[in-house]
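I've put the structures underneath this note.
Both complexes below contain subunit A, partnered by subunit B and then by subunit C.
Take a look at the complex of A and B:
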């Protein structure tokens, strides 16, 4: 555990030095500019749009970090041969891999936490400046704590995306890893359609393939409750709990696969 | 107990996309390195030296055979606590400073922060990295990176240290410093296993060597046994030698070859017979003065060339 923690902290430090956290500035500027512009253009709907836009931005910024750092985590070490010295130290290959994973998760947690704080600050500002009659028309307050449910599930989704990117980076180039990770993420968002595909097409082979993909690729749409929380619809805690268990199980499976692939690999 | 032991260690790769065929990078290496030895692992480029070191560090897995370090299988985390490794042309996180890098590696060994700082500072002093230790590694020259690489290999005061081409990228002064460092390690009882294709380094440092060519072990043993140190001629340096005297000596086959040096001196290559004393007496009797007389022995380079030129030509499996 100690070795995993040291590797994880070094990944976080590297992301800080690589100026990954600059994206937070872009996020804050984007959100503030958007809230100002939307406030000028819309009447009454601005808080809902800001809520929507904020959650989408957190998701997209997080996804960019997870994919573009995740795909290079192992590849860069192997390509530059820095892994040679590291693996000669008292650590197992799985320690290295899990350290890399948790380092990127730490980077994501800090990013998401700061973005969430900025998001709530903008929403609090909107709450303060909105007249009481307008506030009364909102289905939920601007700083609705339920938004945290959506953000929590976004974080879980990003942890899964990171694990998938890490898995691909253990055996393929960054370009291919980015393609494959993005493909899995996109297919995962349409997973429900794959399950129902058999009912709409006559070919049993195509239906079986679609069903196979449905079982292998995680259902990313399960992590998306943005619409519900923005429209103040209830998201039961049971659903959150089940989805969390589903996500963590998938993450564990992907990480175990990554460890198996990485442990057998020759560093030529 | 041997510090390092390999038994029929073999590594083959599949090469070629359309017609894949096995390529033997290392073919049945069996050798032992005793504790406290400075062992030179020699061979031309592509001989399989780095492959062997990667197998010993378990960066690659053997196709067959086995390897042990300090009596335990390679890859054992307990063994890794007791060894150090410098890869060929090392690369480190270039956003870190030399100090930070060494402290990071020390943290993996579980040392407390104060101990990490102490070890990092002492080792950087030992390899001659001064104020540059606070610069990012991306600003380091190849030679300075090599020094940092050697320092990181020693961060845990290893019992066995593996150095892959440790002199690579170093200037003459740096090479001398690293040679002295290797000898200091030997004096502390550390086993040093280093690969090189620079034979002068091995001749200066090693108690035993192994010579590898085309993936096969050609020979291994004590340098003194390998070279036998038998005299195969003499080199006589004289001054005041007249040209007609030299010409007569060459006619009488007392001198095989003569090279004119600076300030009227000559280096003369003498055969084993007649004895050099007689030739020297003749030349001195005709006005020449003795500067030096040195026996000519087999060098490691001569031995190496003989061994390597006898290596089999192909490493591609004929059954492919």
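Take a look at the complex of A and C:
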């Protein structure tokens, strides 16, 4: 456990050195300028648009971090040949890999926590400056705590993306890993279509294959409740609990696969 | 490594050159669009394709399309082009509501943009109704959407049978206000009248969650006030004519006869106009309330 924690902290420190946290400044500037400009560009619904923009930005910034740092986690050590030194120490390969994973997750958690704080600060400002009759027309207050449900599921989605990026980084180049991770993320959003594919094609075999893929490919659309929380639609805790269980199970599956692949890799 | 001062100078000169060239280019007249080609481009027209392409960013894309719709409507409305077109307005609103079916304001404002007669709007009340009906399919319990359909039938189409039906449907929905049922009954019994119109615009002004919609409703209410004022003064002018046997040549004649205390003004403070030939009271051409609703409007 201590080894995993050490590796995780060093990954986090490295991300700070690589100026990954600069994205927080971009996020803050984006939200603050948007809160001013949106009112000039649109007719009403400023708060709804700020909410959408904040959630989408948290998701996009997190995704960029997860993919582009995740794909280099193992590859960088191999490229710099520091992997030989690391593995010669009393450290199991799985500890190294899990440390890398949790280090990036820690970076993501801190990023998202700061982005969430900035997001709520901008929303609180919008709440204060909006006249009472406008506030009365909102389906929920600007600082609706239900937004945290969407942010929580975004975090879970990013943890899964990180695990997938790490898996690919254990056996392929960063470019290929980025392509494959992005491809899985995109396909994961089309999962519902795969399920319904059987209704549109005559071949039962093709329909069965599509259904099989539907069950195997990660269902990323399940983590997306942004639309619902912004419109104050109910997102039952049961749904969040089930999706969390699904996400954590899938992450475990991907990490175990990554450990197996990494264990079999020959670094001699 | 130290940067050569010439490099900094080159950077400044090149930046100034880029900005200068862009300013010159911006001052040039835009290239002419080939005849028959609309300058309003919409790359994706299929809501289904767009829904899939936006992955988990449908809400933010809906916002982008909504802003595009508002800009398209506002830009076209303000354009001096005699052939201006609102040709992508409905597709933009359709795409927005397909990406985010709960985006209430798009149905509400979009139907106003579509129903308003050309050139102030698209002049397509049919599309306004289609948009609101699309909203009702997603939110069958939103009385505002059903009332909006009734409003389009009432105000823009003067179809009181359908207007009353939709007001009744709205009244049956949860949290519907009390004034909807009597409005439906009056509309069905008497067709359109100024009192009902006033109720509709007053409620719109009270519940509007955007300044421009409130302004629009206030403008319509002022027009209704102006129509009331014209009717009132016309009766006095007719009385003068009956008493004197000739139409008044000016407001002064009316004042001398003791029928008016001063020059009558419309709600914007511009004097009403009296035609000495026909003795008809109208708005002054300089009044911002022109043109007053007439013809198909329920007045």
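Simple rule for what comes next: the second predicted complex is superposed on the first by the 260 of 268 C-alpha atoms of A that agree within 3 Å, B and C clash if a C-alpha of one lies under 4 Å from a C-alpha of the other, contacts with A are read in each partner's own complex, and residues count from 1 in each chain.
Everything that follows uses one rule, which is that a residue touches a chain if its C-beta (ideal position, glycine included) is under 8 Å from a C-beta of that chain, and two chains touch if they have at least 3 such contacts.
Fair warning: this is a prediction, and the values are worked out from it, not measured in the lab.
Asker: Fit or clash for subunit B plus subunit C once both are placed on subunit A?
Answerer: Here subunit B and subunit C can both sit on subunit A without a clash.
Asker: Once the shared chain is lined up, is A:53 touching subunit B (first), subunit C (second), both, or neither of them?
Answerer: Once the two structures are laid over each other on A, A:53 reaches subunit C alone.
Asker: Between subunit B (first) and subunit C (second), which, if any, makes contact with A:3: first, second, both or neither?
Answerer: first
Asker: Examine A:267 and indicate which partner it touches, taking first as subunit B and second as subunit C; both and neither are also allowed.
Answerer: The answer is first: A:267 touches subunit B but not subunit C.
Asker: Counting touched residues of subunit A, say whether subunit B or subunit C comes out ahead.
Answerer: Of subunit B and subunit C, C contacts more residues of subunit A.
Asker: Does the superposition put A:213 against subunit B (first), subunit C (second), both, or neither?
Answerer: So A:213 meets neither subunit B nor subunit C here.
Asker: So, does A:133 touch the first partner subunit B, the second partner subunit C, both, or neither?
Answerer: A:133: touches subunit C, not subunit B.
Asker: Once the two structures are overlaid on A, work out the angle subunit B-subunit A-subunit C from the Cα centres, in steps of 10 degrees.
Answerer: If I round to tens, I get 150 degrees.
Asker: I'd like to know which partner A:233 touches here: subunit B for first, subunit C for second, both or neither.
Answerer: Only subunit C is touched by A:233; subunit B is not.
Asker: Pick out the closest CA atoms of subunit B and subunit C after fitting on chain A and give their distance in Å.
Answerer: Result, nearest C-alpha distance in the overlay: 14 Å.
Asker: Looking at subunit A, which of its residues have contacts with both subunit B and subunit C?
Answerer: The overlap between the subunit B and subunit C interfaces on subunit A is empty, containing no residue.
Asker: In the complex, go through subunit C and note every residue touching subunit A.
Answerer: 52, 55-60, 62-63, 66-67, 70-71, 100, 102-103, 105, 109, 207, 209-210, 212-213
Asker: Taking the touch rule as given, give the residues of subunit B at its contact with subunit A in the complex, in rising order.
Answerer: Residues of subunit B touching subunit A: 13, 54, 57-61, 77-78, 80-81, 83-87, 89-93, 95, 104-105, 107-110, 149, 152-153, 162.
Asker: Within the complex, which stretch of subunit A touches subunit B?
Answerer: Interface residues on the subunit A side: 2-3, 6, 10, 14, 17-18, 80-92, 264, 266-268.
Asker: Enumerate the contact residues on subunit A facing subunit C in the complex.
Answerer: 38, 41-45, 48-49, 52-53, 55-56, 59-60, 133-134, 137, 186, 189-190, 193, 220-221, 223-224, 226-227, 230-231, 233
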